[in-house]
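Step one of this worksheet: look at the structure below.
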Amino acid sequence: MALAYLLLTLHLAAHAIGVTAALVARGAVGRGLVAGSGLVGALAALGLGSVCLGAGLVPTLSATFLPLTGFALRIDGLSAFFLIVIGMVGAAVTVYGFGYSAAYEGRYSLRLLGAMLNVLLLSLSVQVMADNALTFLLAWEAMSLSTYAMVLTEHDRPGTVRAAHWYIAITHAGFAALVAMFLLLSAGELTTSFAAMRSAALTPGARDAAFVLALVGFGAKAGIAPLHVWLPMAHPVAPSHVSALMSGVVIKMGVYGLLRVTIDLLVGGPAWWGGLILAAGTISALLGVLYALMEHDLKRLLAYHSVENIGIIFIGIGAGLMFQSYGLTTLATLGVISGLYHTINHACFKGLLFLGAGSVLHATGTRNMEEMGGLIKRMPRTALFFLIGACAISALPPLNGFASEWLVFQTLLGGSAIPQPEVAVIMPIAVAMLALTSGLAAACFVKAFGITFLAIPRSREAERAHEAPRSMQIGMASLALACVALGLAPFVVVPALGASLAGLGGVAPSAVAFTPALSLRVPGTSGQMSAPLLALGLLLLMGLVPVALWILGADRRLRVGDTWGCGRIGQTPRMEYTATAFAEPLRRVFAELYRPTRDLSIDFHPESKYFVQSIEYRSEIHPWLERLLYDRPLHGLHRAATWVRRLQGGSLHLYLLYLTLAFLALLTAARWWR
Amino acid sequence: MDSLFSQLCVLGSSLVLIFGLILLWRRGVTAYISAFTWQSIVLSAVAVVVAYFGNDHELYWVGACLLLLKGLVIPRLLKRMERRFAAERELDPYVNTATSLVVSGLLVLFGYAITRPLVALSQLPTRAGMPLAMGLVLVSLFVVISRKKALTQVVGFLMLENGLALLAVLGTYGIPLIVELGVFLDVLMGFLVMQIFIYQIHETFESIDVEQLNRLRH
Amino acid sequence: MIVETIGYVLEAAQAALALLLAPGLVGLIRWLKARLQNRRGAPIWQPYWELSKLFQKEVVVSSNASWLFRAAPFVVFSSAVAVTFLVPILAVPLPFDGVGDLLVVVYLLLLGTFFLSLAGLDPGSPFGGMGASREMTVAALAEPTVALAIFALALSAGSTNLGQIVARTMTSPGASLSPGHLLAFGALFIVTLAETGRLPIDNPATHLELTMIHEAMILEYSGRYLALIEWAAALKLFIFFSLLGNLFIPWGVSAVLTPATLAVAVASLLVKLAVLAGVVAVLETRIAKLRLFRVPELLSVSFVLALLAVTSSFLLR
Amino acid sequence: MTTFALLLGPPLLGALLAVGVRPYRRFVGWVNALMSLFSLGAAVTLWRHILAGGVVTSGPGEFLRADALSTLLALCVSVVGALAAWLGPGMGGDDGYDAAQSRRFRIFGNLFTFTMLFAVTSNNVGFMWIAIEATTITSAMLIPLHVTKASVEASWKYILIGSIGIALAFGGTVLGYFDFVNLAGRQEMALNWTVLMASASRLHPEVIQLAFVFILIGYGTKAGLAPMHTWLPDAHSEAPAPLSAMMSGVLLAVALYAVMRWEAVVNAAVGTGFTDSLYIALGVLSIVIAAFSLVIQRNYKRMLAYSSIEHTGLICVGLALGPLGTFAAMLHLLNHTLAKSMMFFLAGRVLHRYGTTEISRVSGLLKVMPWTGAFFAAGVLAVVGLPPFGLFISEFALFRAGFAAGRPWLMGLVLALLTVAFVSMIGHLNRMLYGPPTVGVTAGERNLWPLVPLGACLAALVVLGITLPAPLQMLLRQVVEIVGQ
């Protein structure tokens, strides 16, 4: 316990020092101090989480300085798990940030960036440790505000300010929902402590309202469709290590909050809660990946994939809640665990991918994939790390993405246990959608990796690209390692996740027993998978095949030649397949959804229309759903605003009329008030 | 005795209200000013009557002050302004006379309705005049809304204050004198400041038509 | 202990059998097709000659390609071989049953496809890109069907473990003929055609670049790399056929390890493969290749079949 | 007595000094500024007396009286008064005002402060009315410090609407007195709030309700409650920065103070239901109008003005939510005073540099004036209720009170409206902060020392956002006891 408090103090102190250092020190020293204290703080968070989770400790801390309710922290299993997530990604990101932010020197405010990075890391951890609503909300807003400030770092680039505004708008709307939700939950209890909320007696209506508000509030942060619009705007324009942190950790706070509220504070609910989360997750997953496929901006593509993966996490959690409402505790726990597992996995591989994209951006100065290519030779390490990330996010065995998606599948396959067939039939549909999602994700990452890193450079910038500096490599390497380790050791991770759910009312972790052998076994639905053996087998085979070829005496000569071009000599980048072309078949398949606008103009040769002089083809995709859901209400708001503006029309007589009318109305009310 | 007192009060208050209503069908700033002057004189007379019958010596002072301030000083200043802006004597209200009178009638009725509890509560012989005072307050508000010139708005505002003063005299035989004196001071100061602004408006806009004051919007 | 050792030996034997038989299966289909088209056709063992020839040839690699291009054949081949250890070809239960279930099989195959597609993009050839794009499209669209078929099977067997599915189906032979199973079989059969690049989705015999999928992707490969890829493709076909054969019609699969049952198992496997090869050959003779953009329609047919399979399994539970 | 003399004396003396010294000299401003600190000190002394458990009274018949509520307001007024004295015109340097303007500011600005301080310390509701009426006159004199068409228009609208409103408040005072006289007969001290309160529970409900309508409409006009708020955006946007700061920061609060004094009487007579409903009606209407007016706003001073209306509405809603709500509302009032007065001073600096109040013509503020820009940004974030600033805490307290009082729908509506305001204001802020600096505007911060007191305001806001000092908490508790019966 003493160690836990020590680590907690270290964590808080390190970030506080980081903020101060950022504001005071300048240059490489400043960056080093920021990165160093950030790293120490993040590692302390990691250690704190591991210690608490490992030893089953529940440290608490409270202070009265915060007005109204006091400041209260409590680290239970769920908090500890999220501390680990924060620490892992946070450590990698701070190290990476040291090298990445060097390019900002003299151009943008490094002070603000460094300070806000530390504030963000601190607010994240305080948030998951918070034990009353005000502490939570304070940390939540600090998180939003610090990310907002960091998104604005490159404020002079087009689109940045707008993206940041969208971000803060949606996140603040979510915040409003959360305020209402927590206050509903506390049911007049003034300390707004979580302990009181657990035992509060609420009407079913209030519980439902709180749940919906939580889904909106946390969903807005998590980026669940249709509240996801800020993600593809804000993630690309933020500095890449911040994007990694946002996508890896910040949006996960939505997951944390939703879990905290649904399975802990509300102690589970009716089946439709889970169903709603499941549906939202499914739609997000599919929409996210479909829009990602059409993206040529590497970071936007990754941002859409965050929507997809949050969807997958929600699928697991939603299924878990549904099972819980039917009393199927084992499956319920499994569902939540699968969601949590995917949470930490996504934190690692998405963090890694954003860092990789950052290195590419750092080297080429562009996010447009159509201008890249051939980077695997120019930045081999970054390419390798990105490939690991791409494999992981495509759920390829034996990496971590596969392990968690496998668990999600197993959860859903358990859906047959639901007694009502008309409800149970949701599960196979979710299975199909999830499978489609993961297939499309694989296709998308073939595109992302293939077009970006393989073949020949499509622009001079890509040709001149260089490997990222050492600190950035270390940042990426650590996350890549985490991806591999989490993939190979589900038999360690899953029991730990089970432990993290100990003491939460909505699920019963004791009901789940995972064999400590090398295989991951799912009780109830009975599926088996052994990631380490699988990896070992694949490695063995890959090693044995060349040996066998050598023994069998296969030819070993190798000649380097030109790519075959139907007899045409001299290949140029213009002959390569582009990202747009790669995604074209899928665009046709899902044309109903994309509703692309096409604009084709052909100039024929004046002599004969069988000879074409030039073809101009333009095609754009506008997410019509967002238009439908945002443009109309915004338009309505604008009209209302215009109408209200007219009240202040400049005429003094009109103003006096308002006064008189209000006077008469209130007189009437007062005279006949009962 | 009491009946004479209350009849005098009702008569006085009715006159005060009628001078207010006269405004609505008269055109021209001069008529406005004289209506206001006469109204103020009647008001001070009411105060004196109440002082006499109610045996409240403070009210003599109030009556005197009213006469001095609203019956003499302010009308003089108003007339001076009126002469200064002689070119703008024509009035052109937002609402025509017939409608104005109908609306005012309704407002007076409304005044009656809302002062019912006051009349019911009060034991004073002066209570019957209170609805008329309230009617005057509402009618003055209407005048301020519906008249375009800054000068007429000031007159409307002053009538509003007359209405409130009448209410105080009739309802409570006047508020404590020391407060009343402060109120008079405020009225005078407020009027002077308004006068300054009217001159400023005339300087900057070359007219005292309030309709022009519409550049500040939204 | 001895039983376990026998199990491991059997696993190895199974894998070896798959490796050996796979090219022959391709040869068989080609031969049957030729016969059906009134041609003499190459002998069944022609693919073996082709492979051995390719292994003797020099490799030419594009100057644009990276290490990934050279690593991909090994990944593809290894993942296919790894799958043969997991699929019950002759007997159940086998020791590696717990290493991976049906989902693992599907994703291991996806791993191969993923790297092959990347390798297609690597040399920078437009054909490679085209092939990769189409391959991934088809693979992605086939995914939901596969998942649902797995769901249907898991529903009746209560497990996604292949050994358990086979064992459960064997204990109730009537289950093979339940509507759920039949529909799932149909769905998976269409997926098999898509995943293994058969008509009407892809034409394995074509050499017209614009219509190719698989062939376009591996256009830049030669020598031993090409041999590995071809072999892996054959293995994939073999795996899908044995899945179709053994999961849905587990007759003949050995549940007790005696030489006699194993012999029966080998024989029944050969029969099943031959029947499926015949069906594919007939199909490929009778129908033409679909336009690429009509492929999704076919896949959606399979999806509907799979969905019906699941729902009927639910209702008839 | 000395405390009151120290509180009320300095502004009065400052005004007299400015009247006497002609033409204006710089020392007048400095003396004035230094003396403003005495006021501040006196307010703090009052605070200490209050905490010691006493109510400070003075003069014949308890003419002046300071309880917790008065002290809170006196503190606010003297803080903003001191800010205005230090940062106002006539302290030397190029501040854009000539000697005559400086003199006028020093005369009427000090009188304005005096009248506000007198309003909150007068025990007699009649004198309270007189003082508040006088605030209209003194502040109206300052709006057209630079005579332009716009400023003349704004001051005319302000004085007319304000005077009519305040006249109605006089009507309310008369009606309240009427009610009292009918109950207890004519008394010399009948208009003393303490006397009124003593017999408030026996007042006639219907009459006191009517009186409260007069009061609410009347003083509400000065407080900027919709729909009587119309003068406010005009006056605030056209007034010179120190005056805007005083009006937005404390004049609204003083007007609300007057309403609260009467509210206490009415609540004692008829219970809280009646006042609560009126507060909610006007408060919500204010928030609605302010929030939607912020959506399309092209003028940053008007933006701040509408934000003041929004916050006044919020305070009103808070007053309707029982003791907890009153506590939150009073804390919010204090926070708003600090934040908004700071914002108007900053807006004045921006205006001085850019020469325009149009948002679209202010660009690259962070580059042009790095410190002012950063303060401005922090101020807007504070005003929209983000941590670590005090308004976050007070708004949360307000919502907590609302939910505890069983009004979730009302709170939901208010939350939604605040979100609209938030999004709009952040958007306007971004348009000002970033982008290329406006052509023709020189970059670089000049004359940094005025930022020191403003920085102190910001620091105070941060402190209030993280903690609530015990003395303040006790003061607010006592205020709640006075108002929230």
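Each chain gets a letter, A, B, C and D, in the order it is written, and its residues are counted from 1.
Note that a contact is a pair of C-beta atoms (placed from the backbone, for glycine too) under 8 Å apart; a residue touches a chain by one contact, two chains touch by 3 or more.
Fair warning: this is a prediction, and the values are worked out from it, not measured in the lab.
K.L.:
In the absence of chain A, which chains stay connected to one another through touching?
P.N.:
Components, chain A removed in thought: B, D | C.
K.L.:
Which pair wins on C-beta contacts, A-D or A-B?
P.N.:
A-D
K.L.:
Can you name the chain whose C-alpha mean lies closest to the mean of all the C-alpha atoms?
P.N.:
A
K.L.:
Where the centre means the average of the CA atoms, what chain is farthest from chain A?
P.N.:
B
K.L.:
Distance-wise, how many Å sit between the C-alpha centres of chain B and chain C, to the nearest whole number?
P.N.:
Comparing mean C-alpha positions, chain C is 100 Å from chain B.
K.L.:
Please work out the Cα centroid separation of chain A and chain D, and write it as a whole number of Å.
P.N.:
Chain centroid spacing, chain A to chain D, equals 44 Å.
K.L.:
Hey, how far is the Cα centre of chain A from the one of chain B, in Å?
P.N.:
The answer is 69 Å.
K.L.:
Nearest whole angstrom, what separates the Cα centre of chain B from the Cα centre of chain D?
P.N.:
Each chain's C-alpha centroid was found; their separation is 31 Å.
K.L.:
Which positions in chain C are in touch with at least two other chains?
P.N.:
none
K.L.:
Got the chain A residues that touch at least 2 other chains?
P.N.:
If we look for residues of chain A contacting two or more partner chains, we find 645, 648, 652, 656, 659, 663, 667, 671.
K.L.:
Going through chain B residue by residue, note those that touch at least 2 other chains and give them in order.
P.N.:
Within chain B, the residues that touch at least two other chains are 114, 117, 141, 144, 153, 210, 213-216, 218.
K.L.:
Mind listing each pair of touching chains for me?
P.N.:
Touch list across chains, by label: A-B, A-C, A-D, B-D.
K.L.:
So in the complex, which bits of chain C are touching chain A?
P.N.:
55-64, 66-68, 74-75, 77-79, 81-82, 85, 96-101, 103-104, 107-108, 110-111, 113-114, 117-118, 120-126, 128-130, 132-134, 136-137, 139-148, 150-151, 154-155, 158-161, 164, 209, 219-220, 223-224, 227-228, 292-293, 296, 303, 306-307, 310-311, 314-315, 317
K.L.:
State the interface residues of chain B toward chain D in the complex, per the touch definition above.
P.N.:
114, 117-118, 121-123, 137, 141, 144, 150, 153, 157, 160-161, 164, 167-168, 171-173, 175-176, 179, 182-183, 185-186, 189-190, 193-194, 196-197, 200-201, 204-205, 210, 213-216, 218
K.L.:
Please output the residues of chain D touching chain A within their complex, sorted ascending.
P.N.:
156-157, 160-161, 164-165, 168, 206, 209-210, 212-213, 216-217, 221, 227-228, 230-231, 233, 274, 277-278, 281-282, 288-289, 292-293, 295-296, 324, 381, 386-388, 392-393, 396-397, 399-400, 402-404, 406, 408, 411-412, 415-416, 418-420, 422-423, 426-427, 430, 433-435, 466-468, 473
K.L.:
Within the complex, which stretch of chain A touches chain D?
P.N.:
Against chain D, the touching part of chain A is residues 65-68, 134, 137-138, 141-142, 145, 152, 155-156, 161, 164-165, 168-169, 172-173, 176, 179-180, 183-184, 186, 188, 190, 192, 209, 637-638, 640-645, 647-648, 652, 654-656, 658-659, 661-663, 666-667, 669-671, 673.
K.L.:
Under the stated contact criterion, what part of chain B meets chain A in this complex?
P.N.:
By the definition above, chain B touches chain A via 94, 110, 113-114, 116-117, 138, 141-142, 144-146, 148, 153, 210-211, 213-218.
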